[in-house]
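See structure below.
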Amino acid sequence: MIQILTTGGTIDKVYFDANSEFSVGDPTVPEMLTESNIHDGYELRELLRKDSLEMTDEDRQVVFQAASESSFDRILITHGTDTMAETASVLSTLEGKTIVLFGAMQPARMRRTDALFNLGFAWSAVSLLPPGVYIAMNGEVFEAGSVRKNLEAKRFERV
Amino acid sequence: MIQILTTGGTIDKVYFDANSEFSVGDPTVPEMLTESNIHDGYELRELLRKDSLEMTDEDRQVVFQAASESSFDRILITHGTDTMAETASVLSTLEGKTIVLFGAMQPARMRRTDALFNLGFAWSAVSLLPPGVYIAMNGEVFEAGSVRKNLEAKRFERV
Amino acid sequence: MIQILTTGGTIDKVYFDANSEFSVGDPTVPEMLTESNIHDGYELRELLRKDSLEMTDEDRQVVFQAASESSFDRILITHGTDTMAETASVLSTLEGKTIVLFGAMQPARMRRTDALFNLGFAWSAVSLLPPGVYIAMNGEVFEAGSVRKNLEAKRFERV
Amino acid sequence: MIQILTTGGTIDKVYFDANSEFSVGDPTVPEMLTESNIHDGYELRELLRKDSLEMTDEDRQVVFQAASESSFDRILITHGTDTMAETASVLSTLEGKTIVLFGAMQPARMRRTDALFNLGFAWSAVSLLPPGVYIAMNGEVFEAGSVRKNLEAKRFERV
């Protein structure tokens, strides 16, 4: 059983015509899973709907608390990419659980998006990895504390 | 570095208007990877373009040979779902390599498909699992020799 | 108000994994209209779910009857492309109504399809054209009786 | 032969991860036409890449000039929806040509978008309508000077 926690980020963005801009909308993970033929085996809890640049220390405590009190040992967290590494660091003091953070460079609602691949990749990572806190992005697994987003290359990399 | 071998199956089907039916077309993995922000780290070799119900013992030897002679230790194989378990069994005598077979219930060229999730899931599985032969489908990893397709439930399951 | 009659054809095909082939499924027009921001102004009636190669004279009478008894003067008919021209001919004795037949070369459920463009094109044609029976395909309007499908070119053309 | 002029707007928006926002990107009409099985019969000219709220009087003169000097009598213009009605008014002094403006409420690059339907609808409208300046949106044709965008209802309506 996998606990899914959603916090917002690019993966969940929708386009609002009214103000001609993207905002964070309903979590896209449930529809992506249904489409991917995954109908059970998880429990989803929506925590936040934020661009990760707007996440505060309090927000990170909300995520920490939710991961900590979850009755499941395998936890997937959707998160904006800009401060995903920070949230991973905050979570890294949690012991005994396999926690995987992921997101997307293009919204799941776009025709071309990395969201579905990333979800599948993270799903496998959280199922197979030993306890710890990880970021699963661009087809690679990174351990919390040793990863950063390279804005220019649009990729995550080891530090 | 991941070796990708393609054999056909539902994942690569295209719709041909001329005869009003689906046939196996060009491998879809390269376009799916590009869309998923994965631009390198793999080498793809097209072996067959077959519905897996039409795969012969000779075809399976072609796959075995290609996996055996690959210079890479991590091998992903796209395959039709109907006889994926048989091919996995044939490959299971190969030692020292991590081999993951996967496919899709809906063609990658459909709007709604499990192909992208399955590709991401298999990508992570082949990166993280120890040597062995596995099937990665419907969000689960199965070991060769202990898995079958449940036609009615449209899922793979342990035997 | 537009009367929509559905008869099947490529536009409505779904992929059935069980037998590894495409079959005609639920009409796709309602979902396409919703996605296209068209929420009213039409009434849809499902008549048949057939490949157009399998349509019989009786089937064509069902279509004729439905078009004839509709209380609306503007009628859109989704139809397989192979015998669309034949059905148009049968309908051409109907007077006082604007009837437009259309379909698609690629199923509406594919990622890349002409179905949405064709629906929009036919929607405008049925709204603007004077009474008569027309085929609206590949961005052109053809009058019943002077059109055929060119199988090789995958297009409709004047005869 | 149809002259297509592009000015930007929601229809052509892309999502830029770097600044977490949508901006106007390459014109999407060519790819939409190819996907819709329309391979010739038009000439496209890119004029601007602007949100329509940012269009100036000078920009509208650029559009007027391009429509005026085109050697074709049927002209399609892609345009942001917010000031589409204004540009239509400016063009309405042009005589002897059928000019149709259209756009989309959701970017063409989204999975769910009205862009393909709207393109097909406008394509038919520009082919069938007599000389004049029109807006073709939400499945309806409006004449320049008697149309406005209803922001709340997300639709165009007659005034």
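For clarity, chains are labelled A, B, C and D in written order, and residue numbers in each chain start from 1.
Note that contacts are C-beta pairs under 8 Å (C-beta built on N, C-alpha and C of every residue); 3 or more make two chains touch, one makes a residue touch a chain.
Source: prediction; values computed, not measured.
Using the contact threshold fixed earlier, the set of chains in contact with both chain A and chain C is B, D. For the pair chain B and chain D, chains touching both partners: A, C. Centroid analysis (C-alpha atoms only) places B farthest from chain D. A straight line joining the Cα centres of chain A and chain D is 37 Å long. Centroids of chain A and chain B (each the mean of its C-alpha atoms) stand 26 Å apart.
Residues of chain C in contact with at least two other chains: 105, 111-112, 154.
Every pair of chains meeting the contact definition is listed here: A-B, A-D, B-C, C-D. Considering their complex, residues 10, 13, 15, 17-18, 20-22, 51, 53, 80-82, 105-107, 109-112, 151, 154 of chain D touch chain A.
Residues of chain D that touch chain C in their complex: 32-33, 35-38, 41, 105, 112-114, 116-125, 127-129, 136, 138-141, 154-155.
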